[in-house]
């Protein structure tokens, strides 16, 4: 790569923003040169405006950046959005209107019919919505989104099975506390406990999964016509969403065919050796008690999804366990991989 | 109750045995006067043979009992079995053969066709298997069992719905560490982690549920002809198994009918005011984030099951969360309630 | 007790306030009939103004009270203060000025020279400061305070040793998460972690201990002339502060004398059988690995302090472990016991 | 390094052994070519004999080694000892007798007068005991030991202060669960709890610290004549022992002098750039709530010790917090660094 690309992060001082700052450190293509945040933080140095909550230290180069207002203008063309949903919708549209490429982790535009909701290994072709989006909205810029953290784990687990005709999915999540921002769950609430409710999570997981696994039909995405039912729970785990999945498959594949589908699963990110792409995006673990979040979530830089315990389901056809890193593959890493795919598609030209 | 009943506990020094000792303290009907254990412990005082692991102190009266061999002879007629499955099968048969009423928490005989697998509010009529059992086996005594700890939570949650025709069930468990005996899960394994596997648990939960929800047909129990699929997980919670349940119901009841079924659910234990029976065995919690194990498991002395979050399931018909106390309603308390029911049925006469 | 006493709680909707509401339920002397809170909550019913965070349900009678402004006027004569330190100082003074008996858990007036900082078993005679307080400040009412939660555990552990001449104390705390209000520690911060800092805690623990163990000299309290050094830490425990203590004692007592001092320790609350007084306020546990917060903190309704592991210290004279319930003996229960002592002293006449 | 050195691990299949296997992976000097274990495992492949409990996968090269008996003979000259204390003493002597260099993590010979108890940055000169050891015992080989995991953290924290004359030390530990082998603490015991007792730990910490900080006098080590008093506790943390320290210093240095001593602390491992030596073995963290085990323990490959919160102590002179990685710097990493130092000293010639 001869020329590095300058990027900005909208909402850079919050928890998700910090994950972007951390993930982009030493990125081979992208240079984080611009950080935007709310009025309270603007004109301060990033190091002064930010209460750094992540392991490791704040990257020195970013620490010295001055925080800017979240308004188009002097921001780089490519901006990652880590803004809270209460403000992200409008600001992202303003940036896209002004010609920016907005790669967003926020939920606001995920379900818009003309906005790709992207898992690069699963539905890279949904990027074909972009010309429609630009035409319809009169934008030179564009908005591309990544799914909710639990949706990523489910769709990475189901992606390899799409070929068999997914008709029904029931999933139960056991989600880590790092998924909830800061302070997120109070320790009084989650210490040695399970909270069987996460606001809005089940709806997101159900709808987003249907969109991601849907087909691009030439001018729209037709959602997958499968029932998807989610039970979402918070458990006292630091990083990594573990989910159980029961799935009905139209073509009734056998165990060997499914295992092969998991193991051979690969997509454009792998073919093009995108910098953040894991070599094997879905990995099957043969040990009967794996994957486990604390033991497995840091492998492959948090960018792969681990599957285990494939076995017949007495109600649907098959059942298994899946695990993915909620703040990496489920947030900052997902968005950066999206941007890498978009660049490799020539969408930045 | 004019006359108290002497009882013994087989396997009294182990973790399950300790739960029996604790639960029987101050029981209004039963006097624990006999404790049996393996050879290593016999002839010692209970206090010396037992490494007490439970909260609170060892009941003084039991502490002074001398531990006996697990052989019929001088044991009381009614014995609770808390033995490890590796030895329980044979010893329980020997006691029943010798005329003892064996109320067992062990798994060995649960699935025997002529042994009741009892949840008193759900299938009290399965006690009608006893005459058949005695006839077939030539026993004066009898064996009655209670289910696995996770099965109890599921069947108490499904019992109220049996009237609607249960046809399919998918459940995911998040099980407490106290369910695994001592030392059970190593802290290195489960601290801040999820272990998505518990040996044999899913099979037990599936088969036992079908038997418990089955109908007594005059000379046998016909298992419920419903598909039951379980995903079992260990989570870092001290007491209380939390489960998610998706269920298909033949008669397609509405929300109000189901809520009423939960709230009105009651059985012989309640009608007869059995001492260990909770007033309302199944309780629906309206708060959207309840039940929670750490906050709710100790209510009603651990003998009720709590339900929450009833809502439509996009794949089956309805879904909800259920919680029950694994070492109380799921073990010692279950067996004691079984014995109370049996006594109230005149089975000790 | 022929006549019940009406009481109010200032700051009743917060976490500490909720602990007061819970602790006062079914109190044999005190009727909670008045709840005060900040402007945001006034004129609402308590049930609507309060996000109940504690185990068990909100007492029905209190749930129906209308929240009042924290201004003297229609409040009962006896008010417990559970207010945040940011507002407690001024409001407490206003109530005392207006003739109220203010029994406060807040830190604002604890170190005032004319305000008793009370641990009833340890320094009941410090109540003799009250006439001075009233005279100096021109109050008909009065303010009495209880110590910080970690101080209570330390002073209850040291109280029995005061007779031996305490000259040096070094203590390290391992404090529960429930001590920090709501939301308190973020689970992201404390899950599987230790935080070796609690703002202001060490200073409070050091100064308050010297005052509590000091002597009433006729018109003032002379602080104990002992060095007290505290290291305060937060650990992932729900309830119960565990502390290690090394202590130097002038009269060089032997082990037997110290054990006897712990076991025989008793005070006015025990002599007068005050309703919230534990029978034995300090209890020595002989097991070498006790006390433990999760296993022991709920004993004696949370009102006793447990000591263990007394052994020689290679630097000072003796060392031991102590445990107390931070939200009961360390907060609401401490204040209620103070009020009971004050009533029994005739201070409400 | 032109020539690689073959090494073996005694007790290679246990938890400590696994930490050695993991730590030695990709070591620039040492090739692990020999694994010894108890009879039960011999003649099996390491992969079959070992229940791998650590994060990450078993190194492929070691997985294929055949487990040998723990007898001198075909083992490499340099062996690391990870054996259980119940067998380590005798076997280590047999290896040293037979000419092996035994670098041991076991406790058996640590306090032997002629065995170096080594923390390379602190007391490298204690290696001068070796000729004495060989002469006295008639050995061609030798035994060198590293301290107990909690002792390492304390002595690394005190090492920089030795120049000021350490006269008294009181320390309280909050130790991680990974320090206790496998299964170590039962989750039922330590989940959301503190256990204020670790068998033998306080004695080891007190004696070993005096030996390590003692001076080599020409033919022996004179233990530091300072009182050292330890309170040892287990807390629910995965890796990393956090300790509080109060210390009396003869020369009464000021804060700046102590901070400088921490920051400038360095030893032979740093001067010689030993492969496992951290660049800065002791690092002071200025943030008021650091170090924290979960956030800081993995830095510097687990080989540095982190200090924080230096402040005056009201009883001794100064107090602070220290943190170190118990299974790395406190076990396998300590032994490997010892071996590197010994090699660099020419002790293998």
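When the chains are written out, they are named A, B, C and D in that same order, and each has its own residue count from 1.
By definition in this document, a contact is a pair of C-beta atoms (placed from the backbone, for glycine too) under 8 Å apart; a residue touches a chain by one contact, two chains touch by 3 or more.
Only a predicted model underlies this, so the values are computations on that prediction, with no experimental measurement involved.
Contact with both subunit A and subunit B is made by C, D.
Ranking all chains by how far their C-alpha centres lie from the centre of subunit D, first place goes to B. Two chain pairs are in question, B-C and C-D; the one with more C-beta pairs in contact is C-D.
Averaged Cα coordinates give subunit B a centre that lies 42 Å from the centre of subunit C. Chain centres here are Cα averages; for subunit A and subunit C they lie 48 Å apart. Put simply, the C-alpha centre of subunit C and that of subunit D have 42 angstrom between them.
Counting only residues that touch two or more partner chains, subunit B has 191-192, 236, 238, 294-295. Across the complex, subunit B is touched by residues 168-170, 172, 174, 191-197, 206, 227-229, 231, 233, 235-238, 242, 244, 246, 288-295, 308-309, 313-316, 319, 321 of subunit A. Across the complex, subunit C meets subunit A through its residues 53, 177-178, 182-192, 236, 238.
On the side of subunit A, the complex with subunit D involves touching residues 55-56, 191-192, 238, 294-295, 298-299.
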